[in-house]
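Next up: some structures, all given as structure tokens.
Common to both upcoming complexes is chain A, partnered first by chain B, then by chain C.
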Partner chain A sequence: MNRFALAALTVAAAAVLITFPLWSSGWESSRYATTILRDMLVLAILALSLDLLVGSAGLPSLGHAAFFGAGAYGAAIVAQRLGNDDLLLGLGAAVGASALLALVIGLFAVRAAGIFFLMLTLAFAQMVFAVAFQAVDLTGGSNGLAGVHRPQLLGLDFNGPDALFELVASLFVLVVLILWRVRSSTYGRALVGLRENERRMRALGYDTTRLKLSAFVVAGALAGIGGALSGWSLRFVSTNDVGIPRSIEAFVSVLIGGTGSLLGPAIGAVVVLYVERVLPSSIPFAETVLGLMFIVFVALARQGIVGLGRAAYRRVRA
Partner chain B sequence: MIETCDLRRTFGGVTALDGVSLRVDAGERRAIIGPNGAGKTTLFNILTGELEPTSGAVLLGGDDVTRRPPYELARRGLARMYQRNELFETLSAEDNVLLALGAARGPYRPLGSPTAAERASAWEILESVGLGARESAPARSLSHGERRQLELALALAQRPRVLLLDEPTAGMSPGETARITELIAGLERSLTIVIVEHDMDVVFRLADRISVLHEGRVLAEGTPDAVRGDRVVNEVYLGKVVA
Partner chain C sequence: MVQQALNGISFGALLFILAAGLSLIFGMMDVVNLAHGGFYMLGAYVALTVVQRTGQFWLGLLLAPLLVGALGLAIEPLLLRRLRGRHLDQVLLTIGISLVIGDLIGLVAGREIRSLPFPAGLDHSVPIMGGDYPVYRLFVIAFGIALAVLFAFVHRRSRIGALIRAGVDDAPMLAALGVDIDRLFATTFGVGAALAAVAGVIAAPVFGVFPGMDVDALIYSLIVVVVGGLGTLSGAIAGGALVGPADTFGKVLFPQFALALIFAIVAFVLLLRPTGLLGRVRIAR
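Right, the complex of A and B next:
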């Protein structure tokens, strides 16, 4: 496929996604579908940002919700405590808060490797959870921040469900495009080098500690965008947004969908939310399905859904 | 060009290096030989900054670089070919070399991609080590000999001033050994080379001077002819290998 066809296809796919509320409006369950798809896209942003660490750089973070939560609180505090509903200010606060938090946590976490990195990120995320729980004046503590105002930009009001969906889908497309560019860049290649052989990277002249820290901050900042969108979507931000279950949701999305691609984590997020939110209304014990899927993929298909798809495609062509 | 002063390194109670002082001049080709366990790889690990000495100093280009991190030494012009290959296994040979080439400009180019010029020099380097036809093969799919060639290509792509070669011909067939020996012999004369090698034919072909390491000390040092004639060296090392 040449560049022009690829660009055209990307624009078309983005347009179809963003206009979902319009062309699905005839469906009986359009409103419900829009809500579910919106939440899938928010989780997909979180999973995609996490995969920059897990898939590209080989850093298995189990505390990624900390940055999602920092973004959610950042945007909600601008909307609630400051009473400002400007989209750019809210997003700026979200990205700033999550990037800063990622910088502080990263300074310690990136010095560890493998299982120790995993445990450190988990521990730091729990500390963030504890702070969010206790800083009642700022975060509302266990009550959270309810009734978060949705933002507006230059007269565009994102308060209605369709407009909000379009905002979420647009930012999802933006995050995908950013990660697409980053992954194919010199920087993204260096992250893969880190995953493949850190010792050689050091010997070649790369300051690998700094490189890992930068990836941690970029991934944290992108997770913050997801957090802001979550707060606006649900009009509610609470300690759920920084807790272990959210971190695990993102990690499971990445593993089920497949690491090291843009499609994998997004598909994983869709599958995870489908099992969590849609399936329980039709089958009993739906909650256990996710656990079973996780076990099956870790035991039998480490490359995830995307990896299985690729293998099947190769077999068909051969 | 590269110099050590009274380097000592102990691991627990074991002394790996017991006061090693070496001085390799710019453009010199120095071989370090000695039996297994003599401390050769420990010495290399300290020279590249991967291991800290217990005491003593390392000088690179006249500057004290003791305990500096490996990436800083690499930026100062030090490159290493590992004894056990350290490659980017899932990446193509070309991408392996591109990572080495890109180190000079640093990784912080989120909008940059390898340029046509960088790809051209990557191919030139691969061609020079004999991997010109294998540029798109993943490192893990290469044969043992080819992996050694790629290992050398990574070190050369750093455009070093000092090149450390840790048993470059280990595990190679006689044909491959001859090929890589000639390749190293043909490198620019201004490049300083320190080579650890067991194959004495390779050592005598490449080295200007030889240092003999034994039980963490420099036992003897001199031209290949002088070392070959040294009675003590023959007793502890050469005698066992080349009768």
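Right, the complex of A and C next:
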């Protein structure tokens, strides 16, 4: 496929996605589908940002919800305190809070590797959870922040469910484009080099610690966008947004979908949210299904759904 | 003050029991078992069921580790063995196991908070230093110390202990010497799981039985092994002895910052000594 065709296809796919509430409005369950798809996209943003660490740089972070939560709290608290629902202000607060937090945590975390990186990110995220839980004046503690205002921009009001969906979908597309740009750049290639052979990258003259830290901050900032969208979607921010289950949800999405691609984590997020939100109405042990799926993918198909798809495609063509 | 000190020590003893299994598994297999909290919770629920049926706390304390240990014994060859050498994937696999255990328990036993009554004979208080103190917490201290002494003896004096020490030092070499390493790993995982279950039963009368207890237990056991040192018995003892009182006093003295404080300690220990205060100097990737 040449560049033009790819660009045209991307624009078309983005347009189809963003206008989902319009063309699905005839369906009986359009409202429900819109809500589910909206939440899938929010989780996909979190999973995609995590995959920049897991897939590209080979950094298995089990505390990514900390930055999601920082974005959610950041956007909600700033809007609440300033009494201003401006979209750019909210997004700026979310990205600023999550990037700053990622910088602080990253300074420590990126010095460790492998299992120790995993435990360190888990410990730091739990620390953030503890702060969110106990700083009742700021975060509402265990009650959370209810009644979060949805944002507006230049007279555009994102309060309605369709408008909000369009906002979420647009920002999802933006995040995908940013990550696509990052991955195809020299910087993105350097991150992959980090995963493949850190020692060699250092020998080539790369400052690997700085490389890892910058990836950690970028991934954190993008997760913060997801967090802000989550707060606006649910009109609610709570310690659930910074807890371990949310980090695990993102990690499971990345691994089920397949690491190291833009499609994988998004597909994984769709599968995970389907199992968590739609499946429970028919079977009561949905979480078990998710756990078993995760086990099967880790043990037998580490390349994820995307990897399986690629292998099948290759076999059909051969 | 004396009460708080005793509370801290009894919490530390519980943490030691909880962390010993996690540390054993890591020392031998280089796997951080993130299903450890799941095994802990399963132990508590098995004991709850036994107590509801028979009223026998001690039977629960016996059956829970047996059942959970058998589960661990089955999981190692079925799942973890396939991924031997891929430590990170093994760790991820245990996340899946913990999801399944947590959900199935909620499905079978319900999702409300339950309590396990104190066992008969340990359900009263005794006067200590001018205040009443619950006997059960003293029992937890004694139980933890007894277990530590037993472990130390097994570790130093028995053939199993020699195998464990050798396996922690260099498992491939042990296999090359003709030891059945598959059996050793399966046994290790089973014993580690059983220890988590023991901790779950012991903790149940004090902290209750509820969904989410698995995450709490996992976090605390990780804290203890990280602070004390992964993979060594003395590390689990030191971690328990340090974190139990620190957590208890932290909550009394600075209730606002206690949680964050503990994690800050963990982060700094990990940074300065990635293998913990008394850990081995080998970093698995």
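Observations on the model:
The rule is short, and it goes like this: the second predicted complex is superposed on the first by the 317 of 318 C-alpha atoms of A that agree within 3 Å, B and C clash if a C-alpha of one lies under 4 Å from a C-alpha of the other, contacts with A are read in each partner's own complex, and residues count from 1 in each chain.
In this section, a residue touches a chain if its C-beta (ideal position, glycine included) is under 8 Å from a C-beta of that chain, and two chains touch if they have at least 3 such contacts.
None of these values were measured; they are calculated from a predicted model.
In the superposition on chain A, no contact is made by A:266 with either chain B or chain C.
Considering which of chain B and chain C touches more of chain A, the answer is C.
Contacts of A:185 after superposition on the shared chain: chain B is touched, whereas chain C is not. In the overlay built on the shared chain, the residue A:214 is in contact with chain B alone; chain C does not reach it.
After overlaying the two complexes on the shared chain, residue contacts for A:255 are found with chain C alone; chain B is out of touch.
Once the two complexes are laid over each other on the shared chain, residue contacts for A:290 go to chain C alone; chain B is not touched. By the touch criterion defined above, A:298 lies against chain C but remains apart from chain B after alignment on the C-alpha atoms of chain A. Once chain A of one complex is fitted onto chain A of the other, the partner contacts of A:200 are limited to chain B, with no touch recorded for chain C. Per the touch definition, chain A reaches chain C in the complex via residues 60, 108, 111-116, 118-120, 122-124, 126-127, 130-131, 133-134, 244-245, 248, 251-252, 255, 284-288, 290-292, 294-295, 298-299, 302. Residues 48, 50, 69-71, 74-75, 79-80, 82, 86-91, 95, 98-100, 102-114, 154, 158 of chain B are the ones touching chain A in the complex. Against chain B, the residues of chain A that register as touching in their complex are 181-182, 184-193, 196-197, 199-208, 211, 214. Note for the complex: chain C touches chain A at residues 30, 32, 79, 82-83, 87-89, 91-93, 95-100, 102-104, 106-107, 215, 219, 222-223, 226, 256-257, 259-260, 263-264, 266-267, 270-271, 274, 283-285.
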